[in-house]
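Below, chain A partners chain B and then partners chain C, in two separate complexes.
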Partner chain A sequence: MNVLKIVVITGLASFSFNSFSATCSCAGVPLLNSMNAASVDQNQWHLNLTYEIHEMNKLYSGSDEVNDETNRKRKTDSYIIQADYGINETWSVSAMLSYVDHEREIGRSSNSFSSASGIGDGLVLLKYTPKQINLFSKWEYSVGLGVKIPLGEDDITQNSVTLSEDMQPSSGSYSTLAWGYLGYAFDQAGQKQLFISSNYSVNQENDRNYANGNEFNIGIGASYTMKERWGFVAQLRYRTTEADERNGDAIPNTGGEWVDFIPSVQYRINDKSGVNLGIRIPLYRDLDGALQFTTSSAATLGYSYAF
Partner chain B sequence: MRFRYIIFVLLSLSFSVNSTQIPAENFSLSDIQNNQQITLSDYHGKVIYLDFWASWCSSCAKALPLFKKWQQELGDDFVVISVNVDEDKDDGLKMAQRLQLDYPIGYDSELKVAKMYDASVLPFSFIINKSGDIHYRHVGFKDSDEQKLKIIIEELLAK
Partner chain C sequence: MVIQKFAVILSLIFLISCGGGSSDSNNDVNSDPNFNWSIDTAFLQDGGPGKGGIPALDLPSFQSIDEITYMFPSDLIVGIKIGDKIRGYPHKILDWHEVVNDTLDDEIFVLSYCPLTGSAMAWDVNADTGVSNFGVSGLLYNSNLVLYDRNTDSNWPQMLMESAKGVKKGTVATQKAIFETTWEKFQMMYPEAQVLNYETGFSRDYVIYPYGSFKTNSSLLFNVNNDDDSRLHRKERVLGVKNGSVTKAYDISAFANDLDVINDSIGDKPIVVAGSKDDKYAVAFERTTSDGVILTFTAEFNQMPIIMSDDEGNMWDINGTAVSGPRTGEQLTIPFSYISYWFSWAAFFPDTTIYQ
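And now, the complex of A and B:
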């Protein structure tokens, strides 16, 4: 109860000084992808709905693509709802919830197809942004700490056999996440910006003693927002993961390095809402083990609403 | 009990108002349209709507014509003073001419006045009472703000 009182009093102290509505320098519809958008104005909400289609039909040995004749299809459709709230001028919180639909087909036998869908993992991230791009600052930096929460099922079976971890909607395990963002605006309106965004997650074991490998992502990108409605973002992203583990033993053919180019375009419908479309173009990958499936194509479609 | 706390917090978010009465700092700027000197203290005794804006700010573009209407409706005891902060003066001038703004528009080339008032985002505005104190501070602008701001101004004019 005391904690609740402190939260309420702190909240009131933070919220009782100004009246806020849509501003220009750093508010409105976020133009960067959700995990890249650093700041949310005080007392503002940003809601983002994102759909991602991810096909993983490429087979790699190290950094070499392997061409074989196996009939193979692997696809994941993800639906992510994200809410960001600006607690005050420096602190904000983001929460995400995913719904995942996995499909896999290998070979042509009667039981070659498997699928699973349901609520996936959730994420809560607390962000501290001591510097924001505004009239007086061309720099923005932000750091955050978060936790990934397994909200969905991780033990779905098919024909009485539990599906593999990569086919489950949820990882079944908690993760802790560190996140950072650095942005620079070349002009007063913030139309031309450069940014670096990174995160590192440490993954725990689920109740079947399986742990996804720890993961590090870093992206460097540039954004250009036209005065009226259109915005463009180009990002180069490096991702590396350690091997997955069960009972502390590394799982073969997991882990590796990926480099992707991610261009996206945004369209501002009005002051409050916008849509964005992005694709992920694989440039390089060096995957651990003898053979691994990896991304052949991926695209996202998002809708943002600020209030 | 917890539900009441949540409602209380949400209400405080919706109706947050700054009623702190601190003196508005004086400044002088050159008018972007005619180069005449604009000095805040010259308008002492009037209710002043002080607004910071730039040509690239879409919310500002919505609000600026409204202030022109207020200037005409609210009488001689009310004045709008706006401060343009564009990096390029011509951008601000073109917008003022396009919107046919007829109230004083100071050009704050080095953001000295914006910094004085801590107007870091746009639009950012202040309602100054007849005694020269900042009565209200408003960040951003949306359609529903018009009525709310006008009521505050009218209350001050009636005092």
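And now, the complex of A and C:
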């Protein structure tokens, strides 16, 4: 396995976009986190395990932060397993599955803790990569089409009360996904690269007539791979979502725009595996409606293995 | 072969994930019957903010009318009169807090307002309810606010005025008379009133209505019972009145512009309903007095807060208090009644009739 590919794959695995959102438009699981990754070579397998911790404790009105006197704590831990297979030189397929643990607590209220966990959504994506970065090409481009599949529960109850959509492990709905990637290497070895990655998802209603807002992401980033074991990726990502809907009507206080800076560092364990650690630094948000909770901090830890 | 290998890996992934934990889904059928809901849980939902995520006001602050600068003439306000004191609670503050724990003239009460159902109600806080502050549970029943009392954590669906879960389950709260009208009319009627102000202790922009176009469009944010009852627009404000199993809705937009007074009955109970389309209010009182006399009322125009007189020569104000005549100081009893959006009244009481 190419050392650079391990670094690029693990590095770009950090923070793609949320697979669903509800209530605060940010409470989803970064299910497509590997879709930014470079292609997989013919007949090769690539496994990626990712853990993300995502805290959503910032309260915003538009682009202004608002003090939250209720001391609300909202956290999602997600575990994602992804498998990629290179069908041939240009086609590959990816599949992934998530396990999600949501927690919510209101600091100023007693007995306010709620939690739900379970299998979340799954995803299958077919990718076409007519050009890859190698000794003969400084460019790589790739496109993909896929579907997000609701594998887990979306109607978990506590005390006989159905939890809100953002607390459910699964969105309960299918989504159609489009994905694209463009990369450029500044040197023949591909140590320094620039890339642009984007994706768009169209989300359907679940059986409670709730649909997460359609979502678009685009990120521009750079990666630098040292000759030995370390690599670095920095990405600037813009994300926008439409309002969530119920019965086709927009839900107030959902949707908006986010700009995040996402630095990550990778360490190559050997030619087949590597780990990465990344954080998401919010730079700007402009959220729809009067008030929304959104990301206060997020970090990922990933492990990649190719064979 | 490749497909088989792919399937095996996916299966492995699935099994690993399954082994990682399980959902905490449960129907929570507790052995203590008080901890099972007395309402249809199919329409009981977590609204999202969480318990206390919408902060109730425990130390409300008030200003005199001439100090209030943030109200527009057509803004709605909830008024309550206890003794000779009047307080007003603007919808635009209640939209953000939903529950106000208050005391007026030594009477402790909770003023609640659900912005998703447009319903305002005041309850006595007494030995029945438990002397407790109330809060916003974050739960919704038929899209309506579910309160909780902080003493026992019992849940109280607002539009039922009855605890549906907890040690207070089955306890019915005692409703206090309130009225809702425009800021313009409220100012005119009660210039001496104290009005809830922005000094709530919470960082909220009270100028902004937090639910977009919800109060005028036809959308619902949560699934409710009987959601296809199209006899009226979903967000039409109605005064709902209930007596036993008999319910009736009075469409406020169908009242005369200035004032209508309707001598009616609901089931076996004679009631009077007064309302105004322009001033956006409607109130209901029982016509039977404490000494068993059934009064008949007539509209009194341009004398607000006086809105009606009776066949004994008494004049009655919008609070149901006799302000002149032989029954001066007497208070009419209020039936179970409040203003709400049509869809929510129809969700709670699908068999309701509409006054024509």
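Everything below uses one rule, namely that the second predicted complex is superposed on the first by the 269 of 307 C-alpha atoms of A that agree within 3 Å, B and C clash if a C-alpha of one lies under 4 Å from a C-alpha of the other, contacts with A are read in each partner's own complex, and residues count from 1 in each chain.
We take it that a residue touches a chain if its C-beta (ideal position, glycine included) is under 8 Å from a C-beta of that chain, and two chains touch if they have at least 3 such contacts.
Keep in mind it's a predicted model, so treat the numbers as computed, not measured.
A simple residue count on chain A separates chain B from chain C, and the partner touching more is C. Of the two partner chains, neither chain B nor chain C is touched by A:P263.
In the superposition on chain A, A:V93 makes contact with chain C only, while chain B stays out of contact range. Contact with chain C, but none with chain B, is seen for A:E105 once the two complexes are overlaid on the shared chain.
When the two structures are aligned on the shared chain, A:A116 is found in touch with chain C, with no touch to chain B. In the superposition on chain A, contact is made by A:V66 with chain C only, not with chain B.
When both complexes are overlaid on chain A, the residue A:L135 reaches chain B alone and has no touch with chain C. On chain A, the surface patch touched by chain B in one complex and by chain C in the other comprises residues 22-24, 43.
For chain B in complex with chain A, the touching residues are 2, 5, 8-9, 12-13, 16-18, 20, 54, 56-60, 85-87, 111, 114-115, 119-124, 136-142, 144-145, 148.
The touching residues of chain A, when paired with chain B in their complex, are 4, 8, 11-12, 15-27, 41, 43, 134-137, 187-189, 191, 227-228, 271. Looking at the complex, you find that chain C touches chain A at residues 2, 5-6, 9-10, 13-14, 16-18, 20-28, 35-37, 41, 44-53, 55, 135, 138-139, 150, 153, 165, 201-205, 208-212, 214, 217-223.
On the side of chain A, the complex with chain C involves touching residues 22-24, 43, 45, 47, 59, 61, 66-70, 72, 79, 81, 83, 85, 87, 93, 95-99, 101, 104-106, 108-112, 114-119, 152-153, 155-167, 169, 208-209, 246-247, 249-253, 289-291.
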